[in-house]
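Look for chain A in each of the two complexes below; its partner is chain B in the first and chain C in the second.
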Partner chain A sequence: MEWVVAEAKAVVIGAGPAGLRAAEALVRGGLRPVLIDEAERPGGQIYRQPPAGAARAAAQLYGFEAKKAVALHAILPRLADAIDYRPRTLVWNVFGNRLDTLGPEGQGGLAFERLIIASGAMDRVLPFPGWTLPGVFTLGGAQIALKAQGVAIGRRVALVGAGPLLPLVAHQYARAGATIAAVLDVTPLAAKVANAPGMTADAATFAKGLWYTLQNAIAGLTLRFGVRAIRAEGERRVVGLAWRDAAGRAHRVDCDAIGASFGLRSETQLADLAGCAFAFDAVTHQWIPQRDAAGRSSVPGVYLAGDGAGVGGADVAELQGERAALALMQDLRLPIDTGRATTLDRRLARQARFRRALEAAWPYPGHLVDAIADDEIICRCEGVTAATLRATARERDAQEMNRLKAFTRIGMGRCQGRVCGHAAAELLARTLGKDVAAVGRLRGNPPIKPIPVGGLP
Partner chain B sequence: MIDAAPNGGLFHRLAPRDGATIAFTIDGAPAQARAGDLLLTAILLNRVALRRFEFGDAARAGFCLMGACQDCWVMLADGRRVRACTTLLEPGMAVVIDGVGRG
Partner chain C sequence: MTERLDVDVAIIGGGIAACAAAVALREANLTVAVLEKRLCGAGASGVNFGGVRQQGRHLAELPLARRARALWDDLNRILGEDVEFEASGHIKLARSEAGMAELERYAQDARGYGLELTLMGANAVRDALPWLGPRVVGASLAPEDGHANPRVVGPAYARLARHRGAIIREFSPVRRAVATGAGFETEADGVSVKSRWLVNAAGAGAGAVASWFGERAPVAPLTPNMLVTEPLPYFVSRSIGVVGGDIYLRQIHRGNVIFGGGHGWGDAERGLARPATDVSLGAMVRAVDIVPALKGAQVIRSWSGMDGQMPDHIPVIGASSTTARLIHAFGFSGHGFQLGPAIGLIIAELITAGASTSPIAPFAIARFKDWVDGGDAGQPVQMD
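After this line comes the complex of A and B, so read on.
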């Protein structure tokens, strides 16, 4: 049986801010792109649209970003006939120039001449005592519960973070009428003060950050900074959150849910399977697929845009999506608006300065990794503990992540290392006394998410 | 066993919903949610967890809510296994957590 059923000149994976702007620019250039997205409706996670029946006004859902959300959501209806849009479709493998997909009609294959990967990001997870209890979610998950479903993750919610998502989710929860027990930032306040000048490179976003902080204060929410260690309490569900402050003093609040994650991490599996070269980013402690300023990866014909190749946020993703589409058309020797490309390059350079300040304002919270006890579960899929990882590193000469995986199954569970991979690498490096870059990264493997075995060719 | 939640489940609805009520079951016990609710939301409005943990004595209630962590795969009585955070609730869905008929 011939598996590949069609070939497309240009395929875009992901219908978030980057993918939508990329598809739009390709249409403007005269192409008819295939746009594949796992979700039911376009927008990505940041501009996620609630399912039918759960709709609310854009201003309610997206706050300051409502205009941007509405503009992005309008792209596909406007270009409906000019784009081959395939929602509810997972791309689970890239093999050479071929994609394997699973959609409403079952398994499929699609060959591409050019590919833009806009796979987005998810929360970066670091384990802490009690993190697998029912009631503990990522900050992004807490936000999606509210945005896509109009529900809070609990009746009394504590929020913990290491990035700008923390004050935003706190603000959104307070405004929606949720009861908030505590808002804890595990990074120091001094870092934010020191990097405030750099963050003004994007004045509008900086102003929004100040506004959220102010609104949180008015709502009576005190953000605590420099939190050293946290612990979710409870036997069968969350009943409280305990923490140590910057001075080492112990605190505790009652709560029935916790939103906790520590920055964002790029979703890089598809870029990996496409063969893109990666480099380690020492600031964010992540392996990132490399791209040039226009979005070209190391593989000819494969382009990267948005948070999936280094987290830059939604505004940057829109710019990168359009820029990658222009690069793609340039490489096809199609005429493009070079003035527009220059404008995008200038805006992206300014955003890069802002992003560097932001990363310095919320530095990597390595103290949480240092605090991981031996009995802590690192792999929530299969229950692999820190003790197992440490003992394997010491006794079985596991010098890099894929060896550690072979011995312990870390990264082999249902999530394929999305949740555990980061912490496991940090633990391995600390146990071996190596730099975390030296222990490598988990290789991507198809299928990148669970798929039913029935229906495979 | 997954605790039934006498005062409602883990989640707390903040935005009023005027869509149709949808009836489904959890371990055979009748439950209700609204049109537009994801299966994960529907269960967690009624219970504090979605499933048992296969590798130890614990329960799980999902984690990322964006289809990435795979923590919320749920069994249905008709044999389907579905990721609850990306699956819309359908009328009559029969969720199996501890076994049909057990509360």
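After this line comes the complex of A and C, so read on.
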């Protein structure tokens, strides 16, 4: 079978904060990049836009970040034909210097000379009793429902998290008119207090966090820290959420929806298929594709920007996107504004200090993994329970993740381990008494997301 | 800190045949060390289609396939775990009159080996399997053939071998092996083995091992290209192949359809393999051609891996032509999965009895003694 593979000098994957700033900088440098994005409209997850015809005020959608959102959304209309923008297009494979895409016109191939991967992040999911009940969403999912569809996930919503997304979503939901039944953080308050000085490295963001927390308090929402043993209750759908506080006392609220996820994880599949070297980050318990300060990966010609190569948040993503574009042009021996590069490097260094404090303030909630009962489903695509994973690790000599997958089918379903892989690795490591880095990571294979047989249905 | 072992038999490679041989050799009370470069069963044994197929094999392979097929019925009990073997039957489809004639000829030949195939005309095929596409003009059905889960069989044999007392060393690639007067010295990463016998079951790497003993064995890398759909309602009741071998397809009861055709990308030197996009998209088109209902089904994953292929597409099995007590078993050319359990027994027989009860003369390594590189090794073969 033959089809045309087009060629491009520079390709950017992802039209979130990193990808948009990268594309913009490439155009400024005289290139005409191809910008590929899965979504209908640019903005990424954080600045996701409602579908055309359902527009709402930016201030209402993005709060404090409205200005940034508006600025990013204005980039593509301004660039117009200076860029080859391809929305609604999935990059499902990277092999050598070639991308395989699925877009409105079907399958396509695109050869690149230079590639910036700005693939973003998704919620980190950890199973807890009742997590597969209808009515349980991730925090990111809850936010998307609000931003894109203009709906809340329920009328009476309980929110659970392990990161700065939690107070933000609580604030957004309260403003949107939802009743908030509980706002629960599974990490301890003490860690936030201890790391507050470090977080002032980015004073504005720190102040915003405080403001959200304060506003939540004014709205009567108490953010509870150090929450343990959360449990979604209900038979056919969520009717309540139970938990224990740090002192071990039992609590329960009625609710018809739960938003729960535990930090973010980078979407690393494309960097993996591109052959980028990965390293294990012990603080966030994730395998992260490595990049230098300017965004160069270990593979010549492949650059990484934004949350897809270590979560840094939207502001950092914008800086990294632009910086990676400058690096790309430097490597092409095109003239760049070196002063601008220095400025970006300085800002990124400051942000890195803030990020380290932030990560320490929301430490990895390992107690949730310790509490996973044997009958809990870990991989919902394949229906694999914790008991199966533990027994396989003990009895069938599965010492690393790909063996565990081969023996149990964990990670073989539609998500390819993006949802279940993290918890499975933690369980495997605990069962074997190993460090989680020692059990490795699932090997990537295309397609990174499902593609239809025989073109579009 | 090199570990030193002294055993009766050292086996290079940890695939199904190697580990099955280790089990059989332990039953004969010989001491065994298996040296596997990565994980047992993770090479060709684990990355194939999972076909348990006799039909369509080279006639010389049929006696081995018949012997292996008898073992498959009992494999769950032997291995103590479910290898998901299902005798779904294997149906080989003809898409032209010439193809049908080929099936007819093969059915006649196979009868001489005790393999009964049922030939079906276009109407009979459509009555039996109404979900097949219109291009099918006839078929040959092997009712006893079927499929199993390739990912679990090799590791299960390795586990059994270990339980029986075989020494298994994984992540121990062999760097060198030499014949000494008394036997062999084999050097792998982290372990050095003295043995009376040596078995070369090194798959894609077996040609290099053979060359250490002055033998030609032109093993070319062979990389399957496998795709898996999301679970669909179960309807593909037979394992499917075609004359020409460019597409093969099966469905497991939990719903996923597994199909392949053509070869992926491979880097034999670094042991890397990946599915190739052109091949994957081509296989999708051909899959829809024979099973139209698959159109629009979502492919959720794919895989490749590394097997060793011989120029004549049949393996090397038997004693070395240069070195006493060296046994070869490799080059299964994309269809060794079904044979594996029997190959293990044959290796053990060659060591314990000096000869196999199965006819292995066609697989002698000496057939490549005068082989010149550049011969035709790129013919499409049916892989499973």
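Here is the rule we use: the second predicted complex is superposed on the first by the 451 of 457 C-alpha atoms of A that agree within 3 Å, B and C clash if a C-alpha of one lies under 4 Å from a C-alpha of the other, contacts with A are read in each partner's own complex, and residues count from 1 in each chain.
Basically, a contact is a pair of C-beta atoms (placed from the backbone, for glycine too) under 8 Å apart; a residue touches a chain by one contact, two chains touch by 3 or more.
Note that the structure is a prediction, hence the values are computed from the model and not measured.
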Chain A as common anchor, with chain B and chain C clashing or fitting: fit
Which of chain B and chain C A:Pro197 touches, first, second, both or neither: neither
Touched partner set for A:Val419, first chain B, second chain C, both or neither: first
Touching partner for A:Val453 - first (chain B), second (chain C), both, neither: second
Which of chain B and chain C A:Phe407 touches, first, second, both or neither: second
Partner chain(s) touched by A:Gly30 [first = chain B, second = chain C, both, neither]: neither
First (chain B), second (chain C), both or neither touched by A:Asp397: second
Partner chain in contact with A:Gly109 - chain B first, chain C second, else both or neither: second
Partner chain(s) touched by A:Asp100 [first = chain B, second = chain C, both, neither]: second
Which superposed partner A:Gly366 touches (first chain B, second chain C, both, neither): neither
Chain touching more of chain A, residue-wise (chain B, chain C): B
Overlay on chain A, chain C to chain B nearest C-alpha distance, Å: 7
Common interface residues of chain A - those touching chain B in one complex and chain C in the other: 413-414, 450
Chain B contact footprint on chain A (complex, rising order): 38-40, 45, 50-56, 60, 122-123, 132-138, 140-141, 144-146, 148-155, 176-178, 236-237, 256-257, 267, 380-383, 413-415, 418-419, 449-450
Chain B residues touching chain A - in the complex, by the definition given at the top: 3, 10-17, 19-20, 34-38, 41, 45, 48-50, 53-56, 58-71, 73, 83, 86, 88
Touch list for chain C against partner chain A, complex: 39, 46, 81, 151-152, 155, 159, 228-230, 265, 274-278, 280-282, 284-285, 287-288, 294-304
Residues of chain A that touch chain C when the two form their complex: 1-2, 93, 95, 98, 100, 107, 109, 396-397, 403, 406-407, 412-414, 416, 445-447, 450-454, 456-457
